[in-house]
Each structure stands twice: as C-alpha cells, then as structure tokens.
Amino acid sequence: MTDDSPLSRRRFLGLAAAGAGAIALGACGDDEGDAASTGTSPTSTSSGAGTATTGARTPSFDGVTVTTAVYARNHASSPLFWQRFAPEGLTVEVIPITSGTEANQAMEAGDLDFALMGPYNSLIEAEQGFGSRIVSMLSRQGIGLIAGADAGISSVADLAGKRIAVPPPGVQVLVLTSLLEEVGLTLDRDVTSVPLGYADHAAALERGDVDAYMGTEPPCTTSIVSGAGVRVPGVYDTAIGDFNTALWVRPGLQEDGDLIAAVVAMQRDAAELLTPGGRNDPDVWRQLLVEEFEYEVPVYEEVLANIGAEWRFGDDRKAAMEAAAELMLRSGVLTTEPDLDRLYLLDFLPEE
Amino acid sequence: MARVQAPLTRPDGDESTATLRAPVTLPAPGGPRHDRPSGPTAGSAWLLGLVVPAALVAAWAVASGAGWISPRILPPPGEVLDAAWRFAFGSDTRSLPGVVPFEGAGGRHVAASLRRWVVAYLLALGVGIPLGLGLGLSPWCRRLLDPLVQALRSIPVTAWLPISLAWFGLGEGSARSLVFLGAVFPVVVATADASSRVPATLVETARMLGTPRRALARRVYVPAALPGIVTGMRLGLTLGWMSVIVGELTGQREGVGAMMFAARAAVQIDQILVGMATFAVIGLLGDLLLRAMTRPLIRWSDA
Amino acid sequence: MSSALAVDRLRRSFGPVEVIAGISLDVPDETVVAVLGPSGCGKSTLLRLLAGLDEPDGGTILERGRKVVGPSPLRPMVAQGATLFPWATVRANLEWGPRMLGRPDPAAVADELLEATGLTGFAAALPRQLSGGMRQRAAIAQVLAVQPPLLLLDEPFGALDAQTRLRMHEWLRSLLAARPTSVLLVTHDVDEALLLADRLVLLSSRPATIAFELDVGLGDDRGRATLVDPRFVALKADVLDRVLAG
C-alpha cells in the first residue's frame, strides 16, 4: 500500500486500537503530497501589483505549506490560483469541502489554515467562540433567486403563496429574508419554504416540485440555460450587497503576519487575474470553468455575469456584515450582539 | 446428508467394493437437484442476468429519445456512455492543483477509492475477526463488549462523519476510519455468531485427540466457523465499499465519490451516473474476487 | 486382570433431576462392555462422565488406578453422529490425533487405518462425500489412530439402516480383534450389544442404576450367522424381557 500522510494514518490507527486517543495531533499536511509538485513555478510572482506590504524584509517560506479549501467546481475558487503567485518555497494545498461547517471545524482543528466563509456561518460560529478571523474578501455575487419559467413570478412580491426551495442557512437565506421583508412577506407564513441542498435545486425546479429557489452558482445558471427558470432581479440590492465569501485565518496562525500577508497577496493576485479591476476576464474564467470544471459552454457564458473574485474588504463589506448581524439578531438566530471588530484582521490587506 | 449425485457416495450395499480405488472427483456445487425447479445451465446463466438491465437501458434510451425525460434529470444513455469513455480514456489536461478532475481521471479516482477500501477493509478484518472470535468464544468478553458492539453497529456510517472529521480531521484518516466502520461490524457479528455455533462435539473430539487447548481457536473454531466468517467478510466488503463514498466527504480530491460530489455541485448528472456505475461494477468485481479467493477454504460446507 | 476403567458409585444430577444414581462398573482390559438401557436413561451422560467431558457429583472414575480429569487420548469417545472435522479430508482426520500428540509417522498410521476401514480410495475425500457407514468407520478410525487403551462408543451405528449396521458390527469385531483395545459401548440395540460385547450391563430407567449384569459368552466368532444361533436367540429373549420390564 502506498501511503499518504503518516500523520493521518497514525491518527487512524490510534482510534482503531484504543478508541478515541490520538485526536489533538494538530498540524496540517493530511495529504497525498502531490500538491507541491503541480504548482506553477514561483517565477510567476512578478505579475500583479508588486511586492508584499510587509516592508523591506523578505520573509522566507522554505518548506512552508498552507492549506485552504474550496467548494468543488464552485465559482469561489480563486485559491486554486494561489500557487501561481506564491512566494518562493511556499506550497499551497487546496482541499475540496462540501460545507461551511466542515471548513469551520477543520480550521479550529488546525487541518485548514485558511478557509472561505459567508457572513451567516461566520457570525454563528463567532457567537460560539470561534476564533478565526477575516483577512480579506474572497468572492462576490454567485447567488440567485430563480423562478420557474411558467410559475408567474417576475418579482419578489410574486412569491406570495408559492413554494420556494431554501438551502441550508447561509448568505442566500439572509438575502431572501431581506428581500421578502422589503415587500412585507415572511418566510413560512406567506411563502412555503422547502429545505433543499444547493445541488438539488435545479432538478427540483425542473420537476416542478418547487416554484422557485434561492440558490448558488452554477445550479442557478443551469436552470436559466435549460429554459426551466428565470432570474428574479434584486438579489444584490439588499444591505448584504453582493457579499459572497470572505477569507478567514485559523486561530493559531494569527500572529504570523508574514504568512497572512503572503496569503492575502496571493488572493489579491488571484482575484486580479480572474477579475482585473472588478471586471471578469472571460479567458481566465473560461480556463477555470470550462477546462478545469467542465461546465458546458452556454453555462459558462451565462454564469460569467453573476460571479466574481474579490479581495478588498472595505467599509461596504463591514456594513454588510453589520446588516447580516442585525438581521440575524432580529430573527433570533443570534442571541447576543457580536463584536464585529474582533472578527477583522485586515492589517495585511495590500494597498490599492 | 442428502442423497445427491456425488459420484463418491455409494450405497452401503457396495461395502465390499467400497475399497475400490475410485478416482476421487468432488461433486460440482450447484448441479441439478431433484428437489428444485431446474434452472438455466451454467453457460447461459450469466447472459440471462443481462436481460433485465438491457431492457431497462433500452427503455431509458427510448424515453430520452422521445423527450419524455429531461436531460437535466436523466441524460440519455449515449451521453452517459460518452462521459464514461471520457472518464476512463480521456486526456487529463488539468493544471490547477486542487481541482477534482473528471476527464481522463477515472484511473486515479478508482485507484484512490480502491486503496481506501482495501486498507480499511484489511484493518476491519484484522480487528473484526479476533473481536468476533472473542465475543463468540468467551462469555466474559461477550458480556463485556456485546452490548457496545450491538449499539454501535446500529449507527449509520454517515452519522459517524462529523465526529470522524472532528477526531481525524480532513483527509485520509477520516476516510479510512469511515470505511472501516462500515466494514467492521458485519465481520464482527458474523464471526461471533459462527464461532459460537461451532458444535461442541467437534471441540470435544479435538480435545480427545490431544489438541492443546490453546490451539483450539486456530485448529477448530476458525476452520469450523469459516463459512460464517466468510459470509461476514463478503457483507463487510460490500458495506465497506458503500461507505467509501461517505469516506470521500472528507476533503478528498481523488476518489470516485469525491468526483461525484464535485459533479453534484455543478449539476453534472452524467458524471454522477458514471460514478454510480463505477461503484456498481467495482463492488461486483470485488465480491466476485473475494468469493473466488475464499471458495477453496469453504468448499467443504457447500450444501 | 487389571481394569482399563473402574467406576465406583458414580452420581450425577442436573438441577433437581437425578440422572445417575450410584453406578459401579468395571471395564477389564481388552474387553468389550455394552451398556444397554431404555432411551433417556442416562447412558450418554454416563459416557460423557467417563470421557472426562463432564464431572460427577459423587463417586470415582479410575483409569488404571488414576483419577479421570478431563478428556484424554487414553479414552476417546465417538459420539452419536459424525465427529469428523468436516473441512479436513479423511486422511487429515485420521492423521489429526497422531500429529497433535507428536507421534512418529502419522501418514503411516493413517494408511494402515484407511486400509482397515476400506477407505483407501477416499483418503482425499471430505467427510460429507462419504456415505453414513463410511463416515462412521472413519470416525472410529480417527480415534483408533491415537491407539487408545479404551474406546468409548455412544450409539455409534444408531443412524444406520439395519443391514449396514450388521456389516459394521462384523467390521468392528475384526478391527478390534487385531488391537489391544477395551471398549465401552452404549447402545439401546440388543442385537448390537450381544454381537459385540463380552459383558453386558443393563441400566434401569432414570435415575440410572445397574439393573442387571451378564457375561455374554457367545465366543469370539460372532457375525451374521450368530443372529440365528439358538443361544443368541434365547439370550436376546431374556435381555429383551428385562429391558421391556424397565
């Protein structure tokens, strides 16, 4: 048998033999060791907006590996490009995950150094004593309110009396709640909600099980392209804006300014590669979405207008976090007012 | 013993000739029997098993062709077949580490899943058979551990996922622990059951023939319980394989299940179907292989 | 003459049920003793005690003057039904004992017994491939392979049809004639007892005590012809009367 990380095997045998023992072995590197060999050479660091902001000193990252996570084949995938912009010696390892909770747990356990998270999960976790902090933005847009093509829904107000698929709590639920509130509707009083995972939204709409769904990309665009659904406008007009995900650093690394600065710089470079000056570069996205993720070309062409990579975390994003917190407090999801300033570790954001 | 067609079995009226140096041919299992309806002959039996699947695929093709089924719910068979071809033989041109690939990545995904399966399964046998023997043979051990084993085995593998991630973190340790949990309980339970049913007369005979007490497990209990243990091994193999997909919810870039989760997120149903077919085929082949490997050991118990 | 086995006032109860109530008997060297009794009278319990597979509540069992503790190759028992290891070939079954005891050349022992049991052609067969009679012969050969001074047989031919059983009796007589082995045979078949035994012990119904003892005295040359010997017929009538009287 070939192996794999001795660390995870040791942990595993620990359980098999004793039951629960070796839990807190910490550290990263649960992987197959191929990430280091596949990265683009560090010579490409020269692109983008110049060197890191930590001053004249050049930190050494020899043999350092940072682990981060993305949702598989999701638009919020700028970390896949980090390695291209990595300083010499730094290896980036990107692990596919399937939920924000998984990312939280893995960061707390130290399995992930950096991870992406939307406002909802981060506020919930913050209330429970989660120690990770925001270092930059990661993605914007990427959500959609999709109505069945013949469901007679062209605005949020038309949702009254309809069945709508709602994903597990996240930014989509916050946006939907705000949208309904604006037109005087309440979820589960005026609108019937059907809890359903993102991946199953398109099929449910296609089958007519629901009249609409509040989902993510690419399922939203898949419904549009197939003709099964239409976009209901306005999802980015709430106080949440087009906040999608931010980049977080785990508790144990927050003193390592050099590393955070390097990672934020990589995120800046990756975001600028995909979305230079705030506009998507179709060729780079095509490489990611069509060649790597195998999206159908019509889906790629359509989805481009509804996604974007991001790194800036300005006052607008802080305002969105406040709006999210206010909404969650009001709906009873949060019981205590969060100290938002404690969540930000933005000193390492590069200058414009 | 049933009066079957065994060429060796001679009526005792032939005692005088029973010493004949009869060529010893073992009766083929599964031969014709008087008390059962006659089945298809061995040569055509496997072909018969393809009739229903072929009919289902034909119905699927017709329904897709006629537009009765939306391709977003079930793509036509040709598209799935094409995806299967790309999965197995396409060229993997991906350059970004961290992407869960599909085209040309069949071999890598299958190899990763197989490795998880085999490693965790061997561990499940290593833990499950001794534990099962303990439960089956030692009343003390049974009283101590049986309630725990019975309770734990009712927990679905999926339910272990969060705790496994918390204990082992994202990665291979979690994946293998989940496959292990899927495979180990059938092995434990079947081994305990089979070893507790070993006839006392066999053990007594062994003792009277001078077999040392400490050799009884190896010489008598294990061989006598082997048919039951093998049944548990087969069940464990299949359930372990079914748990591989759960094990691949642990931040895996490689693995058939990992590929399916990635495809699911992007609504790539043809890829999901290819993953399902891969699970079916490999599970079937694994069971056939295990049966072929264990058959010589338990031929004596063929009905 | 010394005793292969000496049993003195043996008692055994299971809970409130007394099964054996003070049995004393002797198995002299190179003698076949048949214990005859109604079914359920405790014959098998007695045999298990003698084999060391069960412990008495009272009384003693001495094997050549030594107390019996646990099962031993010195007095193996062939239980009802086949006691062959079903996963092992006939040859491996026969070689089992000699191998476990570290005796020299188990293969030669097995060869000799295969010949004597007429199973040479079936050495590589599995027990389930043998007929009932062949299996029973193999089971007896399996324990004879350890050359025990005393053999305990529990209804060894009970599952066979009458003709096969008779053939088995003749075979067992010839087999034992060539070996210095004592036998304690438990049976409910009067013919079997009178054909095989030198001495016959009749047990009462439960709780078992010795109701009657008899030296058979039909000579060494017994076989199918014995069944119509007037002495045999008279003896059988007498024994049957006592058995049926309980």
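The letters A, B and C name the chains in turn, as written, and every chain counts its residues from 1.
Please note the rule applied: a contact is a pair of C-beta atoms (placed from the backbone, for glycine too) under 8 Å apart; a residue touches a chain by one contact, two chains touch by 3 or more.
Please read all numbers here as calculations on a predicted model, not as lab measurements.
Peer 1: Grab the C-alpha centre of each chain and report whichever is closest to the global C-alpha centre.
Peer 2: Closest to the centre of all protein C-alpha atoms: chain B.
Peer 1: For subunit B, which other chain has the most distant CA centre?
Peer 2: C
Peer 1: So the centre of each chain is just the mean of its C-alpha atoms; given that, what is the distance between subunit A and subunit C in Å?
Peer 2: 82
Peer 1: What whole-number Å value describes the gap between the mean CA coordinates of subunit A and subunit B?
Peer 2: Computed value for the inter-centroid distance: 38 Å.
Peer 1: So the centre of each chain is just the mean of its C-alpha atoms; given that, what is the distance between subunit B and subunit C in Å?
Peer 2: One centre to the other, that is 46 Å.
Peer 1: Where on subunit A does subunit B make contact in their complex?
Peer 2: By the definition above, subunit A touches subunit B via 1-2, 4-5, 7-9, 11-12, 15-16, 20, 23, 30-32, 34-35, 38-40, 69-74, 79-81, 83, 92-98, 102, 105-106, 109-112, 198-199, 202-203, 206-207, 218-219, 222, 226, 228, 288, 291-295.
Peer 1: Once bound in the complex, which stretches of subunit B touch subunit C?
Peer 2: Going by the criterion above, the answer is residues 1, 6, 8-13, 15, 18-22, 24, 26-27, 201-202, 204-212, 215, 220, 223-224, 226, 298-301.
Peer 1: Considering only the defined contacts, which subunit C positions touch subunit B in the complex?
Peer 2: 51, 53, 70-73, 75-77, 79, 81, 83, 85-88, 96-97, 100-101, 118-134, 142-143, 146, 160-161, 163-164, 167
Peer 1: Could you pull out which subunit B residues touch subunit A in their complex?
Peer 2: 70, 72-73, 93-103, 115, 118-119, 123, 127, 162, 165-174, 176-177, 180, 249, 251-254, 258, 261-268, 271
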